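The two complexes that follow have subunit A in common; it is paired with subunit B in the first and with subunit C in the second.
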Partner chain A sequence: MSPNDYDETRDDGTPSESSDESANVRGNRADPRRHLPDGGRAPSRLADGGATLGAGGDAELDRGPFSRWVDRSIQNPQRVYRAMFYVAAIFFLFTTLFPFYWLLMVALTPEGQLRDIVFTPNGFNPGAFVEVFQTLPFHWYMFNSFVIATASTVLVLVIASLAGYAFGRLEFPGKTPLMLLVLVVSFFPPAAFFIPLNDLFNTPVEILEPVMSDGTLYNTPGAMVMPISAIFMPLAIFILTTFYAQIPDGLEDAARVEGTTRLGALFRVIIPLSAPGVATAGVLTFIAVYNEFFFSFLMTDGEAENWAPILDGILGYQGQYEILFNLMAAASIIGVLPVAILVIVAQEKIVSGLTAGALKE
Partner chain B sequence: MARVRLEHVTKRYDDVVAVDDMNVEIEDGEFVCLVGPSGCGKSTTMETIAGLTRPSEGTVYIGDTDVTNLAPKDRGVAMVFQNIALFPHMDVFDNVSFGLRLRTFDDDEVERRVEQAADIVQLEGMLDRMPDEMSGGQRQRVAIARAIVRNPDVFLMDEPLANLDAKLRVHMRTELQRLHRELETTIIYVTHDQAEAMTMSDRIAVINAGELQQIDPPLVCYNEPANLFVAGFIGSPSMNFVRGEVVADGLETKNFTLEFDPAGATGVGVGDDVTLGVRPEDVHLSRNADDLSRPTRGIEVTTDVLEPMGDEIFVYLVLDEGAERTMEEDPLDSPDQLLMSVSPDTDISEDETLEVVLDGSKIHLFDTASGEALVHGIADRSGSDPGTAPTEAED
Partner chain C sequence: MSSDTGIGSETPERERTGNAVVNWMEGLSEAAYAYLLLIPAFLLLAFIAFYPLLMTFVMSLQEDRTRGAETLGGFVGVENYVNVLTGDVRLAQQFMDVSLSASFPFVDFGVPLLQQALFVTLGFAVISVFFETVFGFGQALILDQEFRGRRWVRVAIILPWAVPIVIQGMIFFLLFQPEVGFGTDLMQWLGLFGPNPLADSGDAFVIVLVADIWKSTAFMALLILAGLQSVDRSLYDVARVAGASPWQRFKLITLPLILPALLVAMLFRTMDAMRVYGLIESSVGCTTVPSLTCMVVEAMFGGTRIFGTAAAVAFMTALVIGLFISVYIALFRDTEAGFY
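Then we have the complex of A and B:
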């Protein structure tokens, strides 16, 4: 039975409906069973028509645009999926981007006029983006954030690569429990670690004394890099494990016969071939560390010269007697830009890496 | 250039023994093929030599050095892999020079040697290509160039031609032989394709279920197989096997008897349960058998299926019309069937009753229980020419 036959037996549509039907024929022919899952179509129409007119299939309802749309959607579910996609996409775009828009409006509003902002700023003061740097050494805070995020990313990638190699390419007893244990670490709330860590980082350590004036890690990048790296490590290990596991054994064997150690094969062959995975893990870690709040807020005293990150810079515009909302907003925008650019650049790299078929053999 | 010696090498995985007490000695400059069915342990043996797998027991020597615990990079071996395993993110030059760049060679030397290697495998002008821009044969040659560029002591090749199409495979086969003549390096070559093994190697090591069955020059393996497995594995189509019992004046099988003098053959006693093996080309039509030195008595058969191959015809012969034939049974193991090959101009048709003889000098007798070869070539009744006893190497 062809889809057309099926339609005719069930449906004496109005001319307009018939033309719609014929527009749908192509879709129906591609998958004649499409009707069958909602084989409910016939009964539902019967129930509908039967209730109103008490008659059989010939009854045709005088329906409005909405019920026509519903009818067409049932015949062609693709329309619904598309509509749902647009609704969801617009919703998410709005909830993500509108706060940014508002942030921009707040930044552009001159100080002291912060009211009646809906879609336009109350006044126009682009100078806020310069004032940000004049009021506080905001560039210094940004530099600190970059150092912390870069150091954490490097540390995470190196250690997670070694762990990912072991988990992804070696067989050893207790592999699965150990992997689960590593993942459990990332489920802990950071606050659980804070008190012991704060205590530890404020304890003078003799070997640090030549480097740090008082021999403690408080107010140094180390106080943030170490705990933050530990917290974001499991995700990177997980990503890299799956990528490294997919590199054919033959390539590693070839590298080892050619003269590398296992470690050499990891860095010369496996990591370059897993570039998309390494980039993903790296970008995710970088962004997460850059945006991290808890340890960034608590492991320094908030001074730029003490390695305080952007977070402390933004909060620095909040004084005891006044809060410079326009500068806070401008600083937030400036702080977000580098990461936004990084994501756009890296996203292209990740996608191109995945489509290049680097592993085709 | 080096000898390779395996002493009592055993590799056990959790529940299987992949290699079982392997003892092999490979001479300097020799081309040895390891052949066997899939999963017989030949690749594991190769990986043990390369150092990619550590044996559970035993010792591996390359030259006079015990390399059992050395890393692959310190063994002076180069390997060509079945899946070619070129590094996809490097161009041909980087692939070939990978091993050189890991060692302390200056750039000029690296370049000179890469060019020389590319010259040998005829890859000139392709050094800046990426692997995915090359054909299978070209990639294979890059892999070979990568192996030869380091002047290894031993070349290991793990089914390097398996992924190539049939025509290219034959071509690369001759190229590898030429390469071997040119380099005079020890080559150990794993294959499951016995045509490759027969044509290229100085000696063939036949492996089954992790055990070495025989290691001998190809024609010795063909003409004097050490046991039933080697007899059945080497040669295509493989040997006919017929079970029988030794009687006072010869061999009695289900459908025919052979006359020979058991006393003239060492290792054969009256009453022994033996398996007769004879290759398809050693089964002859009686009417064409005049030039055979030692034909057996004629055997009545009916032809079944003909398989014309062009240069010869394979004829399936039914010994016992009444016997039930099942599809599951390998016709070559059936006591009621024989495979014969005849020249293509022979006048023969299906369902024809005729008489065949076996070439007595090419008949093999194996002990059915152990599979060991007992006699290659049986003497006729006069006993003028006693059968050849198995040679030393096959014991």
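Then we have the complex of A and C:
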């Protein structure tokens, strides 16, 4: 049942030196169904030498593309798998991408005509992408999101680098329990931390008085950066532990012999050599923080000047009396763009990071 | 590499203190150095996680005080927990509201199951993780093939995973918003949904499920793909020579070898699904589909200042997740190299 069988049967019409008998037999053996519909016709035509080429063409036409495909598939199951593969691939591409496409259609539809949008917009209003910034200071929300995500990423990378170095390259008593302790944190729902933290961030602290009008952390990036960093740090620690553990001891020893300090060896040898791992942990943390909902939603009052991130911007188009659906859609598209670009640029890193992080744990 | 590390200094004052720290650090034993490096991480965790967790527990044992300057009253033991479990709280949703009865099916539901936070959360976690695993497996099998444009197909499949939760919620809110989206019409035509699915607990639950499956299948696919790609290809050649059908190859080689990766991926997703809040809040709203986290936020900001009760619900949420995960780990501990 290899593809060769099939080629053979196809060929046997054309040369016509072979007798009807043998052609028929070979054809039948390779594909019992092939000659069934036009019973005795093929052999009789084969008998009159010259017409054979045409006969082959006729037979193809008779059977039509679908039955021809079925025939080939029966001879060569590989074809069925390929077809199934394409059907499944197209199905998944459609289901993952269609919501984005549809969102774009909603954004392009003028406000009064938002009704029954499926594949095309009702009208064409690219101005929505400008209105987004005029109705609310959406650029401000995006800036806040970037500041929060960048600050959290830097904080996580520094702290997780130190911890990852300890877990990945040093031997000390209590290593496994401490690693489990870090892991346990990611088990708990943010809701379990939230109430005391909310109290804490709403308590005035004297040293903050000059910076914040009421001296609390609420409505500052700190109120979001700290909890969000703590939540996403375990993943970064596990990714970096894996990468740091793979650097050969010899390289670090050589640097130490040359007089590098312990911390110097970490920052000048281990981290540069694990650059792909650090980049991976950074990209994953950035995306996770940018996408975070719980603390971003609850730790500010939703005003752009109070460091509210994009989620408040997007929900902001939902006013008390009217909901600007097209602007919501446009803002959503703008909000997705940074992460979409990051995914396209860093997809290898994302894949390897999720893999390393998960398989290690 | 060694030039500027403390020996031979031009700026004596700064370098001297620097030297002292460096020398002290050099003199530490390996274990002491390791603990030193772990201090920042554990400080952050202590401040953000361990201390609040303890405080939540303490608060949950205190009386609600709805008037006056103090937000919490005296110590009341497990009263808050009892009140939450018996449905005796001033909350729009119930944590769990069932009582045993003599007649079939032996339990009475005070309110429909989909208005009880415990069942919504558990049901959501089990159903969404099931479908995400199945579809994620399908996607992973596709990405495991060699074909042209694989890079772009992979980008397309990962993309939903990278979408901010609020935008994920917004997409599905708009899709099923009767005025804008076609989702309601489509589902009504199929006879599955009522006229306003965003306000109906059952329909809204399905919407939240679909939204979560759309986003998180990508995450499952990536983790399963990682498992698939670590399988030794020569095993398939051996199986092919031995005459194994594709299904047999899948069942006897692929599945057992990627099972550990699969179980870890499912564990992660389950934990995540049980914390669901943002998706619900930004799509159908917490009053329609109350999850456990929804209940905590509601109790906290519902306007009635029942902080003791809120803390009790928060701690119970953590307990439920911990219990569920423990059962999960216990069940699969013996499977193939296991985790931990």
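Simple rule for what comes next: the second predicted complex is superposed on the first by the 254 of 361 C-alpha atoms of A that agree within 3 Å, B and C clash if a C-alpha of one lies under 4 Å from a C-alpha of the other, contacts with A are read in each partner's own complex, and residues count from 1 in each chain.
Assume a residue touches a chain if its C-beta (ideal position, glycine included) is under 8 Å from a C-beta of that chain, and two chains touch if they have at least 3 such contacts.
These figures come from a predicted structure and were not determined experimentally.
When the shared chain is aligned, subunit B and subunit C each come close enough to touch A:Thr261. Once the two complexes are laid over each other on the shared chain, residue contacts for A:Phe129 go to neither subunit B nor subunit C.
Contact comparison for subunit A: of subunit B and subunit C, C touches the greater number of residues.
Within the superposed three-chain model, A:Leu273 lies in touch with subunit B and out of touch with subunit C [touch as defined at top]. In the overlay built on the shared chain, the residue A:Trp140 is in contact with neither subunit B nor subunit C. In the overlay built on the shared chain, the residue A:Asp253 is in contact with subunit B alone; subunit C does not reach it. When the two structures are aligned on the shared chain, A:Phe85 is found in touch with subunit C, with no touch to subunit B. Common to the subunit B-facing and subunit C-facing surfaces of subunit A are residues 255, 258-261, 264, 268-269, 358-359, 361.
On the subunit A side of its complex with subunit B, the touching residues are 248, 250-251, 253-261, 264, 268-269, 272-273, 357-361. Across the complex, subunit A meets subunit C through its residues 81, 85, 88-89, 92-93, 95-97, 99-100, 102-103, 106, 114-118, 158-160, 162-163, 165-166, 170-173, 175, 178, 180-182, 185-200, 226-227, 229-231, 233, 237, 255, 258-264, 268-269, 287, 290-294, 297-298, 310-311, 314-315, 325, 328-329, 332, 335-336, 339-340, 342-344, 347, 350-351, 354-355, 358-359, 361. Within the complex formed with subunit A, the subunit C residues making contact are 1-2, 5-7, 22, 25-26, 30-31, 33-35, 37-38, 40-42, 44-45, 47-49, 51-53, 55-56, 59, 135, 138-139, 142, 145, 151, 153-160, 162-167, 170-172, 174-175, 177, 179-182, 185, 214, 218-219, 222-223, 225-227, 246, 261, 264-265, 268, 271, 274-275, 277-279, 281-282, 292-293, 296-297, 300, 307, 310-311, 314-315, 317-318, 321-322, 325, 339-340. In the complex of the two chains, the subunit B residues touching subunit A come out as 47, 50-52, 71-73, 77-79, 81-89, 98-99, 102-103, 132, 146, 150, 156.
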